[in-house]
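So that you can tell them apart, the chains are marked A, B, C, D and E in the order they are listed, and the count of residues begins at 1 in each.
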């Protein structure tokens, strides 16, 4: 969990005092060597390079076709700096791309739109939520994306791009930009489905045999919800800004699609909030059913003790060594005492039963 | 309950990566064969077809009379696609109609209004809330509705349409659209009445004999409230948008009626919120009265034990086998001990009584 | 309490499917025969009829003087329908007058203002909050009020109307309308005062001897607060709409008075919220002081048991029947054991005292 | 506490039904005889009358100098009525001045500004928060203040007025009005400081030895916070309205000072909210530390009982009177039993230690 | 903690009644002698004076270069007064600079911007959060900062200023002002990182061995969060006001940087809120796991007692001294009783096991 807490300090304190615009990678190194891939396409041509040097990229700067530059791995500030210089990005944008502790946001620099979003996935090994930062830059005829590490999220989109009849291929850079955003929003649904399954499993466990670990698992899920909210709520503002159509880089037909993406974002937020409500309800139900079970146990045990304590007292009385105890010498004394004890025990038992204490 | 959790993942993860506008039915198949019914009417004529083919529908596209197309069953994308093409619907609208995990919303496409709402009913068998998605499309002289399954909710409206003197018959498509929305909002009141009865029954159970199951039932109702809210809150926005009169498809006289529908929606939301408040209060009352009862039991039992433990001690003292115990040989020793024990028990009893511990 | 829950289903489900504007009384029949009273007045004349037929009312339609029609009892839709027709009310207004489950609201129909508010009173018999719906219609020179049952709330206003020097007599219909609203808002203060007294009494009971019933009474008050809020919050919007002066039926001098009524509404809301806060605090205080008392009891009892258990053990040891137990034959053995037991008990007692457990 | 609850019913129910504008003093009579004092000043002259009749006041109506009329004691409606008539106040203003249950508010009557605020002080005897209503009326060249009782809060301001070089003396009526408001806001800080000291003391008590009374004191402070909030939140609106400069009676230089007063109001609200947060945290800490202490006690006691119960059982076994019990006749039997008992007790003790139960 | 509570009374009560604009230092004296340092620079020259008299400062009033006056130590009102007079500051600004209990705010006096912010640091000795007030005044070509005590927070900025190639050196006073604000915001990240580490450590302690102190530490952290929020939330308004570009003192290129500072402020607020959520969750987890552990202990102990109490009763029975007890004389009686007791104990043990009570 410590790793999570650390993730929350967005801007590293080591950076305090640095001049703004200083390029410095903040975050964990997630990939060995940064890799750049290029997709340059128009309605009729397609040019894909899986690995390209920074210099090659720059050649596509002025091409009339739509160019998609995908940079994977951020720990080499030089690459960002070169691309930034070539495509005319503000020093603060370059700084923000490298700082993987950004909050999702959108900034309109007139010539280009700078967008930061979070992409979520489940780390299969640690079973922990994994948050990756993706920066998108939309220019007139290019889209540049910066990812922290390799991933196959954008692969279906690449396949669609390869289809010369696809809508994506015919539309402009703004549609590609929308398609990328949509893919990222869609990836949230996968996470939500996984969490939904976890909640389902926990609910069953809760009803059948509540354990102490159940609470810790609910707590862990609640914490994941905190991270999800932190990623999704600002995303809403991002997509909403786009959908209001304030940028001239977004064409009108694309805006209809952005409205759709906005709806999906709202759905994600809605589901996250519902999950939070459900988890809260589960904690209450867990605690009260645990306390109920505990109370039941204690009640039964105490009733047993309460029945036997007076009996033990009676036995104690006739265990006294007084010289003159008339009952002791009576031939039926012993059996009479047993009778008394049975009556006492029976009366108490029936009384407790009647009172529903047993 | 797992079924509920699954309902919350709105957009299936299987769809992630698909091109936007791809027609794919998302949701459970609720009916064997999709069925289309047509109602074409003006002030003087009425043409009803209970079962029609897609092609027949298209004939009514250009009729000057008001046409109501009702499609039941969504798992055949082709039907939606054909109707969509004929009535000029945007691909995203067609996609949304098929995806039954939509959030209630309204979208104005100038030529037509696309509305998604949720219709609620109680599944008599599982006693669970059943949520069905209804899509309404209002055009200049037509209304198209898409339902997931058969239902008799719209039947009273059909009866009213058959009455040639009725207001519905004389008014335009916008009034039909309002009447459909109003019918759906009215169906919420039936659900609320049922939930109100459940709350009533639970409250009585709570006061008379609180059980562990009571809490689980309250919890189940609270969860239903979560789903109700998810369906009703966005509906408020939908009707409010209509009532503000931003669409040119809605005539002014109909807007007065929409204001009425808006009032009803607010009433539903109000009642849902009040129910939530009541359920929260019930949980508190249940827990504290349960804990009170438990405390009472434990107190009585502990008091009994506390009275007998000193007595048992006294008996134990005179059960000791010391050679020289003067009391033992005294002729009245035994009775004196009984006296002492009675005094001790009586004093403790009175003391506990005075302290209100008994 | 069930009665309360039922009160919350605003629009009866039996009505679902009915055509909008259908006149149908929804709510309990509160009076045997509906009664209409008329107050027609100007600065110099006054015409009062305690019981009038519907037809008589209509005669006052065109009188230049101010006419106040008060209809008591709503279960005869015909009366509302006739008056509605004569004074030109929209069918939806007539429907809303008859449906006593309305949320407080105001609707401006240009020629007249339709207002629904709730009037509160305490049912002396059941000691429950009683909510009555009052509809007010303000026209150019008339005010029509619809009440569910007889009441003496408007009597002081009638007295003021009879005074030819009073401001009410000289002012127009809008001032009468304000005076009616003001009277209703003032009636809330009586309710609040009663609830304030109840809270006061409960607080004393809470400090002196908290009982299980105390909690249920707090709970009942909390529930009443929910109903009060439901009645008062929308009233705020109603009066605020009036005070903003958007209707041409309200003259400027009357608007100053409406601002005053708005202030009073805010005061009522403020007090309701404060009462809610106080009741919440009381629940907490009750629960924790109850738990404190319980803990104290259990602690004392457990301490007593804990002191005697080791003593009983010692007595048990010397009750053993071993042949060779040197202490048993010692002449002072018995007294020594008493000494040991006293020392053990005393030490434990002092230890528990020091630890503040006793 | 009852006195507090009663304070919350703002408008007395006895007044319900009265015509608006009826002058009636609502609130407790706080002073024997109302007293009026006058301060009439300009840059060069000063005219102070500690006790004046209503008629004398009226003479200052038309003086070009700034006149400050201070009325102490409100239970004589005639005084307010006469002043009201002379200075042209609306009947509703006069009514509001006499009703000491007003919510802080500001009303702009073009010719004058009517302001109601609450002044707080600590009643030294009952150690309860004392709330006094102060009405301020700012006219072109006069300020009229109405207080419920004598107090020395405005004395430092009077001293400043006597200084012919002071800013207050040279500025207009609006600056005097600001200075009065500022003095009242400043008086809140004294209250907050006292409450801060109480919180400090309570926190120390909480950590050192939590008692049941501690909780009641926290509860009492929380209640005081409710009253403070009720007085301060509306004050924010009052000062904010002034600061936005919508009244022509406030000159521009004075507005800078009002912004300062607004900052102070925000600071008061901030502190009140922080105190509320702190008190909530203290309740939680108190409850959980109390419950912790209780648990510790119960655990120790239960452990002691648990150790001795098996030992008592062993002693009981050898107290049985069977004829054939081989152990009893063994010469070392007694000592062996002691050994067994010591081993059992020791093992349990060590086990409980290891488990951290002791 | 008392020190903290005292910190919250922003404006000292001793000041109540003073004329506004009276210069009076409110707060603790944090440094022996106030010290003024000067940085006067342009693109080509730099003039630094580590210690300067007030009079020297004034010389830089009219210099065309950018002048940064840093005043450390506020308890000498004369210094503030002299500087205030020379640079034309409003008396209220001077008063606010001296009052270290200000809420972060920004005030636009057209010729200059007055900003109050809070700088946070950890007091290494007491391990408590230390809050210092910093006032910034931005004029046309000067920035004046007032600090309470010495600190090395601005040192990296001074180094950057000494670099003639740095952006800071070439830009105007507004950029210096931004750089100072940015440095202060950055200092929050250091605090958040420290708190993050504390939370991490506490979480580990919570899982491994929850102690009573753990709760107090969580409580202390929660309290620190209250102070952080109080400092950071108003800061958001400050930077947001700047970023909206309402002041003509801020040039357009600097506004891009202020947007960056605004993002950082939002990140700080976000993290503070997340920490608050996490701490709340931790309290719940702590309390419930503590209560779970306690319940476990009590259950085991009670089970042990419950098993032995019936056994002790059996032993007690055969300890009775009745003359005719057939079992006693049976040669195998003793062993049979042992058998019975073992069976009873075993049955109970197995039953408790099956019920999962052990």
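Going forward, contacts are C-beta pairs under 8 Å (C-beta built on N, C-alpha and C of every residue); 3 or more make two chains touch, one makes a residue touch a chain.
Keep in mind the model is a prediction, meaning the values are calculated, not measured.
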Starting at chain A, what is the smallest number of hops through touching chains needed to reach chain C? 2
What's the overlap between the neighbours of chain B and those of chain D? C
Report the inter-centroid distance (CA atoms only) between chain B and chain C in whole Å. 26
CA centre of chain A versus CA centre of chain D: separation in Å? 43
Where chain B touches two or more other chains, by residue: 291, 298, 302, 305, 309, 312, 316, 319-321, 325
Could you tell me which shape the graph of touching chains takes: line, ring, star, complete or other? ring
Chain A partner contacts - residues on chain B that touch it in the complex: 1-2, 5-6, 8-13, 15-21, 90, 92, 96, 101-103, 105, 107, 212, 215-216, 219, 222-223, 226, 230, 283, 287, 290-291, 294, 297-298, 301-302, 304-305, 308-309, 311-312, 315-316, 318-321, 325, 327-334, 337
Of all residues in chain D, those that touch chain E in their complex: 155-157, 160, 166-168, 179, 182-183, 186-187, 189-190, 192-193, 196-197, 199-200, 203-204, 207, 256-257, 259-260, 263-264, 266-267, 270-271, 274-275, 277-278, 281, 284-285, 288-289, 291-292, 295, 298-299, 302-303, 305-306, 309-310, 312-313, 316-317, 319-325, 355-357
